[in-house]
Structure formats: C-alpha cells, structure tokens
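The next part holds the structures, each set out as structure tokens.
What follows is chain A paired twice: with chain B in the first complex and chain C in the second.
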Partner chain A sequence: MSKIYEYLDERLSISDLKKFTEKKTVPNHKYSFWYYWGGISLLCFLIQLVTGILLMIYYKPGPDAYNSVRALTYDVDFGWLIRSAHSWSATIFLLSVFVHMFSVYFMKAYKKPREFGWWSGMALLILGLLFGFSGYLLPMDELSFTATKVGLAIPENIPVIGHAIASLMRGGLEVSEITVQRFFAWHAVVLPLLYLPLLMFHLWLVQKHGNAIPPSEEEVPFAQRKTIPFFPNFLMKDLAMWLFTLNVVAIMASLFPPDLGKMADPLGPAPVGIHPEWYFMSSFEMLKLLGKVITGTIGEAVGITIFTLGLVLWCLIPFYDVSSPKGLKGRRATYFGLFCLAVLLVTTLLGYLIG
Partner chain B sequence: MSKNPSSNPSIESGDEDISRLNFIKVAVGGMCVAYAAAIGYPVFRYLNSPVSREAALASVKDVALAGADKLPLGAVLLFKFGPFPSMLIHHKDDSWVAFDSVCTHLGCTVQYHPELEKIVCACHGGQYDSHTGANISGPPPKPLTKFNVKVSPGTVTVTRA
Partner chain C sequence: MNYPVWEVQGIGLPWVIGIIAILHVMVSQFAVGGGLYLALAERKAIKEGRTDWFPMLKSHSRFFLLLTGVFGTVSGVGIWFAIGLVHPEATSTLIHNFVFGWAIEWVFFLVELASAIVYYYTWDRIPQALHLKVGWLYAAASVCTLVIINGILSFMLTPGATWLGVAGSGHESTYFWNAFFNPTYWPSLMIRVLVCASLAGIWALFSFSRLDEETYGDTRVAMIRWTVKWLVPAFLLMPIAFLWYSAMIPPSNKHLLELGMATIGSGSFTQITRIALLSIMSTATIAGVAYLFAYKYPRDFSPSHATAVLLIGLLATASTEYAREAIRKPFVIGSHMYSDGIRVSDVDRFNKEGFLAQSMWTPTGPSVTEEQRGRAMFAGQCMYCHTVGGYRSMKHFLEGRDAKAIGNILTMLRQNKPDSPYHAYMPPLVGNDEEVAALQAYLLTLNAHPAPAPGSVARR
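Here is the complex of A and B:
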C-alpha cells in the first residue's frame, strides 16, 4: 500500500493536497449548519448525473417516449427505482439549492469579494429550474404534457419576440414528439454542458475565498473566532450529511415512486386539479392571483415583468448592500430577503391549499 | 459497557484502544460494503434486465414455423430460435435440416448457397456442409449446431437436439 502511495505521490504530489486540506480551515459557529447545504446540492447533482445516465440507457425520446418510460417503469428490473431516485433527488436538489441560496443571502455571503459566487450560484439555480422543466416533459404523460403547454405560455407572453421563442422551444405551434426530442437534447446534453463548467467555477470560488461568516460572527474579534480543519474534521461532517441525504433519497425513492399517468392525448382536455411541480408552484399561483386582479394577457405580462424585476434585483443585491450589515442598506437587504422568502412560502402554500 | 481502564487493572488501556480502533475500522468498512452492495445490486439488475430476458428466451426448447412445410425444394427459411438467428433448409433431395446460423468461428451469421450445397460465412471464408453442418473449410473450429426437424401438415417444428 505504502509503495503504491509513494509511486503516486512522487508523480502526482498527493501529499501536497493532503497538507493543503489539513491547513485549510472552516469557520465554526452557531450558524455552521447552513454551510452543508451547498454540499447536499452537490451530492444530489451527482446522483442526478448517475441516475440520468442510467435512465438514458432505456429512454427513447420522440414518438416512443411514453412507451419507453412505461417499459422502463414496469418491465425493466429496478427501473422504477432508478426513475424514482432521479425524481426524488431532483426535488431534494432544488430544495437544498433554495436553502443554500437563502442561507447565503441572510449570511450576506454575496458581499465583496464573493459577488461572482452569488451570480454563478443564481445562474446554476436557473439552470437547475430549466433541468426540472425540461425533464418533466420527458415521460410524455397527460400531466407532463399539460404542464409543459402551460409552462411554455410564459415565454409566449413576452412582448414581440415571445411567440417566436416559445415556438422555437416547442419545435412547432403545439407540444408534440418534436418537443420531447428537443427537451431531451436540452435536458441531457445542452444543460449539463452549461452546468458543469459553471459548477466548477462556483466551487473554485468557494475554495478561493473560503466560507463567509455571518454578520454576528464578524463582530467577534478575529483572535476569538473558532475554526475547524477542513480535513478531516469538516470533511467528515460533510460526508455524514451526504450519507444522511443519500438515505433520505433512498427511502423516499423506495417508498414513494412517481406515477406514470395516461399517455398524453393532444386532443384530450387538461386533467382536473392540474398544478405544476412544487418549485414552480409559487410563480404559478402568483400569476393566477394577479390574473384575478388584472384580467387578460396584460395580467400575465405584468406578472412576468414583476418576476423578472424581482429576479434582477435579487441578483444585483451585492451592488446595493455594500455597507456594514447593521447599516440602513444592510437591514433593508435583510428585509427584502425576508419579504421574498415570505412571498415564496405563502404563494406556494396557497397554491396547494386553494389549488 | 464503557469501563474506565484505570479502574480495571486486568485490561491495559493500550490494548483496548487498538481493539476499539479495529472495531471502528471493521464497522465502517462493513458499512461501506453494505452500501456498495445496496446500490450496486439494483444497478446491476437494471443493466442486466434485457440480458436476463433474452436468457429466458434462449431457454426455449422448440419453435413451430407455421406454413413452413410449403418451403420449395432447395430453399431456405430464416427464423429466430429464441433470440438467435437460425435457418431451415429444404434440400433438393426432399430432406429437411435446421441449423443455428451463428458461425462457430467469430459469430457472424452464415449464408446458405444452394448451388454449392454449402453454408458459407462471409466474414472469414468459413464453409460448412449444408446437410450435416460439418465445418469443411476455413477457420471454423466446430460444426454448426444442428436442430431436429419434424414436418407435419401446416407446420414445421424445430427442436433442440
């Protein structure tokens, strides 16, 4: 063993890496728990890569999409489990990404010099949502078909160029097998190609700048701040969280596998009680509520404008909140964050309660 | 269970530390193996699913070819015996014979040449006798697998010999 280690170390300098990770420290304070959520998202992403590749072995995009998912779910040994793990890991991925984003926001970890961490993170979140949207259509059952039709109505409402964009995404004027083929290309090729380098950039920045500390910890004099070594202390805790997450994915995937509805019928009516996946529920409900106040397509346009503005403001927060955390701008940024979180939670809940 | 080593003179603390370390090592190693198996087994079954289905197909003992009794003299009928390509030949002397069409050399599908009374493999020039399946020329190491043929009105039944 030691001879192999020596052989590799002489050529790859493993001991340098070991020394480096032992020297690297991670802040340790009462909010340290929130540091794990980026890692949880990363694990879920890796599970998505592996299960996604496995699904690709049997999945057939295009006109055979529904039947291939049917065969995969009911005929292939453990196919239901792989599909279920992909679906559950997607949910836990987006959930942990949201937790990660809000914890970064409230710890004010977007401040100088970590602005690019914040922006790359936002881009990864948007790509993550596009992964969810494009992947949802692939089984081509009633629900995914209708959800995609509704979802594509959003770009459709962008003034002037909206119709062209939506038609290009659909590959026609209606959602069809051509759309499935396109969404598959996005889901399995284009989005991963965009996501992976951006993720590397994001992780490199985390490594470069280290973990940010929350404002309350910044008040503690430098000499009194506690840290733990990255290796092995933090890594061990991180791995423990990974193991916990893996178990949650495994339990949920085994006990609650997703259904496969009836095959999408382009002439059939939308199924009763249709609603989007939970991560789109908030925007779905906001559009619905706005539509009651401002009727017609203007309501949709106003709603989409509000989302876009909110998202732009959210991304630009490092430019606004540059003063001390206790300053007026720092407090306003925190209130804005709380407001956005409250709106997201309330509209999501409303979506499930009043449907 | 945790005894203070200093209160028990019969146990030396050093030994106990080593056995605890060993216990943790074995437990962690065992858990890693258990996780690898719990993930690896379904993934293997998932990937192997079509293989096990074809293996079930391959275990069929006979295949009935409806209408094959009308096969003209000197003609060949290609059919699948389970998942494998096979051929039924009605020779000019009215004898019937059926072979597995997979060349025993490197697995190409062979072809019947009625004018030569031979079965030929295009890949590496292997040749078989079309009556017995014996390898007569080229690289094939073994004869073609021969099946039993039973001709009855309206059907030809091919069974594993």
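Here is the complex of A and C:
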C-alpha cells in the first residue's frame, strides 16, 4: 500500500494535496448550516448527469420522442425510476440553488474579493433554468408541449429581435418535432458544455477565497472565530448532507413518479389549467398580473424589461454594496434582497392559488 | 353490514390509522428499547464509576418519560379509537379473541408507567442499586407489553390453521394461544426487538447531541459512541430476521411481493417493492451516518444531524410498517376477513342475497335511487381503501373510462379469478347484479368531467 502511495506521490504529488486539505479550514458559527446548500446543488447536478446519461440510452428526440418516453416509463426495467429521479432531482437542484443564492446574498458573500463567484453563480442559475425549460419539453406530452408553446410566446414580444429568437428556438413558427430535436441538443450538449467549465470556475473561486462569513461573525475578533478542518470534519459533514439529500430524492422519486400525459396534439385544444413548472411560476404570474394593468403585447414587453432590469440590478449588487454591512448601502442591499425574496414567494404562491 | 361507515375523504381511512400508528410505533418501540437502554447505561455508569453520566441519564429519562408516558400512551389510545371507527368489524373480531390478552397488556402498561415515573423522580433520592432495580422493573414490564401486543399484531397477518379451522364457530377464543403464537409470532418478535434497540439508540443520539460540546466534550463523546452500539444488533441480524419472517408468511402474501418485483419495470403493482427499497435505503443511511459520522466524529455530530437521523428513522419505520400492512392484502385478518370487513365465508351468501340487504345502515325503500344505492356500495366496499378524489383516488383511476370499461373492471373484481392482477391485493366485489349495476352507475358519475382538473396538471 505504502509503495503504491509512494509511486503515485512521486508522480502526482498527492501529499501536497493532503497537506493542503488538512490545513484548509471552514468557519464554524451559527449560520454554518447555509454553507451546505452549494454542495447539495452540486450533488443534484451529479445525479442529473448520471440519470440524464441513462435516459439518453432510450430517449429518441424528434418524431419518436413521445413513444420513446412511453416505452421508457412503462416497458424498460426501472425506466420509470430513472426518469422520476431525473425529474425530482431537477426540482431539488433548483430549490437548493435558490437557497444557496439567497444565503450567499444575505451573508454578503458577493463582496470583494468574491464578485466573480457571485457572477458565475448567477450564470449557473440561468443555465440551470434553461436546463429545466429545455428538458421539460422532451417527453412531448400534451402538457409539456402546451407549456413550452406558452413559454416561447413570451420572447416573441421582445421588440425587434423577439420573433427571430423565438423562431430560432422553435425551428419554425410552431413547436414541433424539430423543436424537440433542438431542445435536446441544448439540453444534452450545448448547456452541459457551457455549464461544466463555468462550474469548475465557480468551484475554483470558492476554493481560492474560502467560505465568506456573515456580517454578524465579522464583528467577532479574529482570535475568537471558530473554524473546523476541511478534512476530514467538514467533508464528512458535507457527505452526511449528501446522504440525506439522496434519501429525499429517493423518497420523492419512488413514491411520486411523474405521469406521462397524452401525446401532444398540435391541433387539439390546450389542456385545462396549464401552468409552468414551479421555478417559472413567479415570473409567469408577474407577467399575468402585469398583463392586467397594461394589456396586449406591450404589457409583456414591459414585463420582460422589468425582469431583465431586476436581474441586472441583482447581478450588479457587488458594485453597489461596498460599504460596511451596517452602513446605509449595506442595509439597503439587505432590504432589496428581502423584497426580491418576498416577491418571488408571494407571486409563486399566488400562481398556485389563483392559477 | 353491522356498523355504519365512517367517511374520510382526502387522506382516506387507511391513513387515519396509518399516521397515528406510525408515530405511535416510533415512540412505543422507543419505550421498550429505551427502558433497556436506561437500565444498561446506568449499570455501566455504576460499574465503571462514570459519575458524569448520571446527570445526562437523568435528563434523558425525563425526556423519555414525557415522550413515552404522554405521547406514547395518548397515541396508543388513539389507535384504539381509530381502528374502532375505521374498521369496527375487524376490531370486534380482535376483541372477541384477545380480550384476555389486552387485560394482561394493561397490567403491564400500568406497571410500566408507574415504574417510569418512579425511575425519574427517584434519581439521587434512593440508593443507586435500588434505583437501578426500578430501571430493570421498567425494562421488564415494557418488554412484556411488546411480547403481548406482538401476538395480536402478527395474528392479523397469519392467524394460523388451527384458529382458521374454528373461525366463525363461536369457539375461537378457546384457541387463544394458537392464535397468539401464530406462525409469524417469533420472527415478528425478533424484528421488533431489534427495532426497539435501534430506536433506543436513535432517540438517545437525539438527546445527547443536544449537549453543549464545549461544556460536556468528553462525556458527550463517550455517550454518543456507546449509544451508536445500540444500532449494531439491528444491522447485523435484521436480514436474518426478515428472511425468517418471509419464510413464515403464506404463499398468497408472498405472491404479492413477487408480483411487485415482477412488475417493477413498468412501475405497476409495485408499491410494496418501492416501499421495501425505501426501507432498505433508509436503514442503510442510518447505519452509514451512525458509524461513519456519529461514531467516527462524535464531536461534529450536531442536533440537526440527530434530527435528520430521527426523520430517516421515521421513514424506515413508516415504510416497514406500510409494507407489513400491505402484504396482508387483500385481507385485514389473513384468510378470514377481507380488508373491506367482509368474511370470506360470507361472500357466496352476500352474492346471492345482496350486499346492501345485510346492512342496517343503508337507505332502503322505493324512493332510493340507483345512484344512492351505488354510493352505499361504494361506501361499504371501496372506501376502506379508496377515496373519491384523494388517496387512491377513484376519480384518478377512472379518468377517461366509460360505462363499459368500468363495468369490465367491476366484473373482473367480482369474478376474482386467480389470474386477475387484482386478485392478489383487492377483495372480491360482492353483491347481486342489480347492486353491481348501481355501483357502476355511481362510479360513472365520478367521471363526469374527464378533463383533468386545474392544478392537477401542475407538476408534469
């Protein structure tokens, strides 16, 4: 054993890595719980990779899409479970990404020198949402078809370039098997190619700057701050969290597998009660509410502008909040965060309640 | 039938018992395991002079007394209420057989509760050796409660050939001990004892993880490590216990398991298999966290970890109890009474004389419509397991089916041929032709709106 270790160490310098991880520490305080959410989303992403590859073995994009998912769900051994795990892990992935983002925001972990962590994180979130949007269409059942149709009608309203973007994504004027083909390419090739290097960058930054501490902890004198070693203590805690997450994914996946609706019929009537996945519910509801105030395509255009503006502000927060956490700007940033969180929660809830 | 039907929509009748029973089992099996735990921990502390353990054990015994003595007893009575309301017919059969058993059980309950109170209030007040004896008295009484109730619980899955031979004759209770020491009594007892020990460990981990690390560092580490050992017997012996148990269950129940495994690919008829997978996974997670985490790094083991282990323990308990209940299908008392309260021996007579004619609670007379009679059939035979729009929703099952399709299913359920997929887990439908037609008419009204309701399409 030691000989193998020596052999590898001489060539790969494992001992450096070991020394490094033993030296690395993670802050330990009453908000430490929030440190685990990035790790939870990482686990879910890994589950997505593995289950996604397994689904690809049977999935056929294009005209056969629906039938291949049908066969996968009802004929292939454990196909339903893999599909269910992929679907549930996507939900838990986005949920943990949101929790991670807000905890980073309120801990003010976007401040110097961690700005790039914040920006790369935002880019990962957007890619994650695009993963969700593109993956949702792939079964091509009535519901996913109609929801995608509605979803793609939204960029249509962007002035000047809107129509071109929507047509490019659809591959024509209507959602069809060509769209499925394109969405599959996005979902399984383009997005992962963009996501993986960005994820590496994000993780490298976390590693480089270490965990940020919340403002309340910064007031504690340096000598009194508590830390725990990254290896093995923090890693073990992280792994324990992964194990719990895995249990949650397994419970949901095995007890509540997703249905497969009827095959999409472009000429048929839209099924009743169409609404998007929960992570798009908030923006969908906001557009709807705005549409009541400003009717017509202008309303949607205004809505899209507001979203874009909000997102840009959200991304630019590191430039605004440069003062001490208790300063005016610091407090305003916190209020802005609470406001955004409240809007997200309320509109999502409204979306489900009033449909 | 002899009793009115209690209608519960939404969660349905099974979960009324299920929710109360699962929470009760979590606590009552802790009551059994925890008694042994306290006695053995106190003994160890005395023998090894670990005086620092006593205050911890005292505080744990307070938590223990509150949880088992209050929640455990109240939820136990809750089960009585629930089964009496949900399944009066089966409850009546149990009482007629086991009234003597329950009398013994209550004696042990009384001793158990009294000694638990004495045990907590006499810490530091009576000599240590005597205090430990009270602990042992508690442990013995609580083990006896398990020994008794296990006979009644396991009877419901496997009443045994002797008892079944006299079932319905009025002489059932003469064969009390045959019914009590039924075929699954011993393996079931082994499983429950193992579960009791591990629950004692899990709850103690919950209790000790809350000790402040800085104040109680070494005591905390020692107690957490010792507690983890309580999970070991279950993980080593549980596979053997399960093999023994499954060897003792009748072929028809085993068939249900096999059906689940054979159809796992399609995901149909697989509830038990899925539940079994969850049960295995949650147990493995507890083992992993207990050893790799609580035992190896007790200092980092926080109350939130302990809570997570407790919740996964709840999942393991829930899924195992669910699986045990589910393999009893289509009976509530194995081979004697179907899960809708109809005795196997009554099926032919009910088919001839009609089902509704047997019940004093159904509307009769010329003014009663066909749909009302259908609804009475539904309440009397379906609602024990199904609801209109909630758990095992009929609306969902019937979606898109017309009168003919519904009629076909009812015929299949009525004929109950051995090769019917429903044969393994649903009771036969009983009643005369007219009643079955009324049921069909009623079910069709549930399906008046074949399009999915708003909101039901939200997820996928």
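Methods note: the second predicted complex is superposed on the first by the 355 of 355 C-alpha atoms of A that agree within 3 Å, B and C clash if a C-alpha of one lies under 4 Å from a C-alpha of the other, contacts with A are read in each partner's own complex, and residues count from 1 in each chain.
Note that a residue touches a chain if its C-beta (ideal position, glycine included) is under 8 Å from a C-beta of that chain, and two chains touch if they have at least 3 such contacts.
Predicted model only: the values in this text are computed from it and were never measured.
In the superposed model, A:352 lies in contact with chain C only, and not with chain B.
In the superposition on chain A, A:87 makes contact with chain C only, while chain B stays out of contact range. When both complexes are overlaid on chain A, the residue A:233 reaches chain C alone and has no touch with chain B. When both complexes are overlaid on chain A, the residue A:185 reaches neither chain B nor chain C.
Looking at the shared chain after the overlay, A:78 reaches both chain B and chain C. Contact with chain C, but none with chain B, is seen for A:274 once the two complexes are overlaid on the shared chain. Of the two partner chains, chain C is the only one that A:261 touches; chain B does not reach it. Touched residues of chain A were counted for both chain B and chain C, and C has more of them. In the overlay built on the shared chain, the residue A:57 is in contact with chain B alone; chain C does not reach it.
Touching of chain A by both chain B and chain C, each in its own complex, is seen for residues 75-79, 81, 246, 250.
The touching residues of chain A, counted against chain C in their complex, run 33, 73-81, 87, 141, 143-144, 228, 232-233, 236-237, 239-240, 243-244, 246-247, 250-251, 254-255, 257-261, 271-275, 277-278, 352, 355. Chain contact summary for the complex, chain C toward chain A: residues 264-267, 274, 277-278, 281-282, 285, 288-289, 292-293, 296-297, 300, 304-305, 308, 312, 315, 451-460. Remark: chain A residues 54, 57, 75-79, 81-82, 246, 250 touch chain B in the complex. Of all the residues in chain B, the ones that touch chain A in their complex are 35, 38, 42-43, 45-50, 52.
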